[in-house]
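Below you'll find the structures, each written out as structure tokens.
Two complexes, one shared chain (subunit A), two partners (subunit B, subunit C).
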Partner chain A sequence: MFHNRAEAMALALPAAVFAAAVFLLPVILLLAEGFKSAEGWSAAAYTGFFSEPINQTVFWRTLRLGAIVTVVSAVIGYAAAFAIVNLKPGTKGRMIGLVILPLMISPVARTYAWIVILGRTGIVNQALQGLGLTDGPLRILFTETAVFIGLLQLFLPLMIISLISALENMPRDAVPAARVLGANWFQVFWKVILPLTKEGVVIGGTLVFTGSLTAYITPAILGGSKVLMLETLLYQQVSVANDFVSASVIALILIVMSFAANLLLKRVATARNNR
Partner chain B sequence: MIQRLFAPFALFLVIGFLIGPFLIIVAASFSAGETLAFPPQGFSLRWIAKVFTVESFRDSFATSMMLAIGGTFCALVLGIPAAYAMSRYKLPLSETVRTIVSAPVIVPGIIVGLALLRYFVVPFGIGITPALFLAHTALVLPYAVRVVSASLANLRSDIEEAAVLLGSSRLGAFFRVVLPNIRGGILSAFILGFVTSFNQVPVSLFLSGPGVRTLPIDMIAYMEIVFDPSVAALSSLLAFMSIGIVFLAERFLGFSRYV
Partner chain C sequence: MKKVILASGVALMLGMGAAHAQEKTLTISVYAFAQDEFKKIVYDPFEKLCSCKLVVETGNSVERLAKMEANKANPVVDMAVVSMADALAATRSDLIEKIDTSKLSNFDKLYDIAKDPNGDGMSVGYTFYATSIAYRTDKMKIESWADLLKPEYVEHVAFPNVTTNQGPPALYMLGQALGKDSPDLKGAIEALGEKKDEIVTFYVKSSQLVQLMQQEEIWAAPIGRFSWAPFTKLDLPIGWATPKEGQTGGMNVMVLAKGSKNQELALQFMDFWLSTEVQAKLAEALVDSPANKEVKVSDQVANNITYGQETAESLKLIPSDVALDNRNAWLSEWNAKVGQ
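== the complex of A and B ==
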């Protein structure tokens, strides 16, 4: 530890000044824009925003999709992580590699793949018609289902990775002990695995939820203008309507929701701890 | 018993869900047909070859490369001293600096891009390319600081104190003792920053302008107009590039220790 304050400031200041000028200050100014009105400060833009039915729809859709993606990824994530943790070391490493692999591929490429799969002449529609289950092609693309599938595939690896490290830190004999004492699989999960891995699921859940809220590419490509989410609505407000006040309102909503998700999940974790 | 059968099957489905779409894209990029389809119609390399002849792809690839390499380099130049100051000095504002520097990760990219455009780029009359450069530097800075901090935390501070006691200057000690020891961390930060910046869309969305686009944004624009397999071909090429880089990094650096 050195104590020369001037020297330390000289080292840390350029980065801090850069981040403040290029990022922090502009974002604060943008957020302030939503509270400005002709006669001083007001929250009129916010009441105005939420009085529009389309904005309400988009707001609830974004929250709903974020929540569903988080819950489903937790359920699938537990199954996958549990299976991976119980593998032999060599196979385990390869499986973790396969889970991480998609994270290195551009989200544009990953989302694009779903057009090939879910499109009018895509694999799913070919299969459904081939089996005689539907007469014409189903419209899957540009629905909430498509956005859900895209988001799930995008963020599931983060949940699995979080859960793998949580499960690995769990005492080895906790599950066999509970089984020997007569717990069924549901009880084992609810009373043993979940409490012992809740930090992992909280971390994974926060990553998946905030990721889904703030994803742009997936709703833009798979949802289009039919399934707007807050991010794509923001883009539309600026590029089509030139409406920076609405953009500022959406920006603050997104930031507040991300922070709230973090806080809420932390609270859940500590509440369970204290019980 | 049920678990023994169920677990591998569930895992197989999950891995299929995660990897399958990527394999389909790779298969589709070898198609001989005119439109994007799976199963691919015949086999050819024409779409792979076409990628290299599309002028906008070449331009935006160069832009993205420049932003990813240059932006990450600048982020490291800013980030390494900051990380060093926070780990080695008793800095009263340490936490504040850390919060400011890492804030771009918490705020959604599209907001970062819009705010930068409206309150920095337009008021100061900055061109499209420099604006993108600033945005990508700010975007990578949190990763640079975090990864370098982690590798500094693993390095005992008494070796540089020893160097100073033995007559080296602080600066000399940093360049001759500290820097060689955190080389792996810096390279890892560079790779993480490069991949993050290269794949980034939302931040660049509002900042891209006529003639200057990043590659992912160019791909989105292209796929909205043309429905041929060239975007699939380009996606596969880029994916193999990223996987190759990360694979080499893991092999030679133990990349995952730092990230």
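== the complex of A and C ==
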């Protein structure tokens, strides 16, 4: 398309300069804060961060919730995406529209709705008591369960959409062929569908996991300070303690976790391929 | 003829001079709260009065103080309103200057607690608020701050997070009620930590409480008087407790930026804000409780704000130096005992 590399580079230059100036440089400056100390460069802020029991709790909670949300959304997402791609074109369009619909509503509004739904007098507790499953109202709000439900609802559409596009690119007759050759449904999924849609899982999984790590409103409102996550802790460090060093430590941890999740997902996906 | 032209030329230049004076600007730094009302009641009328321009910067006090610190060498802000403790922090960082109260004609009209809250002459209180407990009068009886931790009530209580403005005062009173009052609030935080699983939530935004109260998620929560009004509009029996240990609260103060080039104008603005007329209007609009004791309001308004000599005198405020010297210790103690 281009006569030479230089020409292509020249065209990319403005965007690259812009990205470097307003994104890369500030991020590097911010993260550098975490490695500065009175005696020069050191990782003391990081070891200090992880030596505090509360920070460990918050770190593991964030990792755990992110992982659970990702796995559960992949399971539900596969089922939903599989059902949707096999629909007639018109219905399929409408169903995809329904999946995307929640993304068009502000997360604040959605999260506040959960306060009503999950409350002591909310529909969930009424149903549980109506069915005789519980004697009194359960406390769901301001627990990890509430944060999990909120995050799952927030990010499930991203997983479904990624999986739909991956499933659509899968050869139509791959599944029938595997069935004819005697594979059961589990084998079909594990040996045929999963390898052929791994791109979708990697993209969807990364979106959901990074989304869960960085979502602020949902854990802040549904979890409150009883369920601190790294992102709510970060906010606390900046806005209350005015401690930008700890905040940049948390920021780097979140970035590393996101990259690690992406690499891990890619590894898992390719590992299946190589077998 | 020549003289006339000359005279009109001079007049024109004088006029321009006056126009130039109109370009005078005063930069103030305030809480991002009720700005529409402040514009109507304080900013617009003052701009007319001083024929100057007001530039309003808003944000929470941590952000705004950080900004003042960053611009220390060349201050942008002329006057700021902050909490009592933040005013002391600004004094310690050498960001603010002594206020010449002889230039404030309304100074003598202030309640005593507002005149010099930190006792260093660096700030003047313009509003204060009581903090007590909003509670369901049909479900419980609150006679002491310690009643919140009673086993039959504690599962229906929301307590302010230590990071909010209401947190430390509420802990301070809880400590007094438990007979464990020390500046580090250790006793109160520990008592709260023991009940942390029972307590519904440690709230950060008081606006959330109205919904929780309406959903019967909670029966009681310590709140600042300024967030009381919405509770009275719920169709529920909710009362404002007067615990035997007293009420606590907080005060917001005005400070003068060090090195500001518009000190006279800033003082003029402070005086205007403290005037009986402006303070009364702010009270009527339920924006800020008056620190000016000449302000008279209707019973209905008084019900919704922190009002009157008796209330003003009964407030047990945390001394600023205690708040400042212990803030980080409170946070780490809280994170260790309650936050996990």
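We take it that the second predicted complex is superposed on the first by the 238 of 275 C-alpha atoms of A that agree within 3 Å, B and C clash if a C-alpha of one lies under 4 Å from a C-alpha of the other, contacts with A are read in each partner's own complex, and residues count from 1 in each chain.
In the analysis below, a contact is a pair of C-beta atoms (placed from the backbone, for glycine too) under 8 Å apart; a residue touches a chain by one contact, two chains touch by 3 or more.
Only a predicted model underlies this, so the values are computations on that prediction, with no experimental measurement involved.
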item	value
Subunit B versus subunit C, judged by how many residues of subunit A each one touches	B
Contacts of A:Gln236 with subunit B and subunit C, given as first, second, both or neither	second
Touching partner for A:Gln153 - first (subunit B), second (subunit C), both, neither	first
Partner chain in contact with A:Ser51 - subunit B first, subunit C second, else both or neither	neither
Touching partner for A:Ala8 - first (subunit B), second (subunit C), both, neither	first
First, second, both or neither for A:Pro102, with subunit B first and subunit C second	first
Partner chain in contact with A:Ile115 - subunit B first, subunit C second, else both or neither	both
Contacts of A:Ile84 with subunit B and subunit C, given as first, second, both or neither	first
Subunit B versus subunit C as contact partner of A:Ile221, first or second or both or neither	both
First (subunit B), second (subunit C), both or neither touched by A:Leu25	first
Overlap of the subunit B and subunit C footprints on subunit A, listed as residue numbers	112, 115-116, 121-122, 220-221, 239
Residue ranges of subunit B in contact with subunit A within the complex	3, 7-8, 10-11, 14-15, 17-19, 21-22, 24-25, 28, 36-38, 78-79, 81-82, 84-86, 88-94, 96-97, 100-101, 103-104, 106-112, 114-116, 118-120, 134-135, 137-138, 141, 145, 157, 170, 195, 198-199, 201-202, 205-206, 216, 219-220, 223, 231-232, 235-236, 238-239, 242-243, 246
Subunit C - residues contacting subunit A, complex	60, 62-63, 66, 161, 163, 196, 200-204, 208, 211-212, 215-217, 328, 331, 335-336, 338-340
Contacting residues of subunit A [partner subunit B, same complex]	1-5, 7-9, 11-12, 14-16, 18-27, 29-30, 76, 79-80, 82-84, 86, 95, 98-99, 101-102, 104-110, 112-117, 121-123, 153, 156-157, 160, 185, 213-214, 216-217, 220-221, 231, 234-235, 238-239, 244, 247, 251, 254-255, 258-259
Subunit A - residues contacting subunit C, complex	52-54, 57, 112, 115-116, 119-122, 139, 141-142, 220-221, 224-226, 228, 236, 239-242
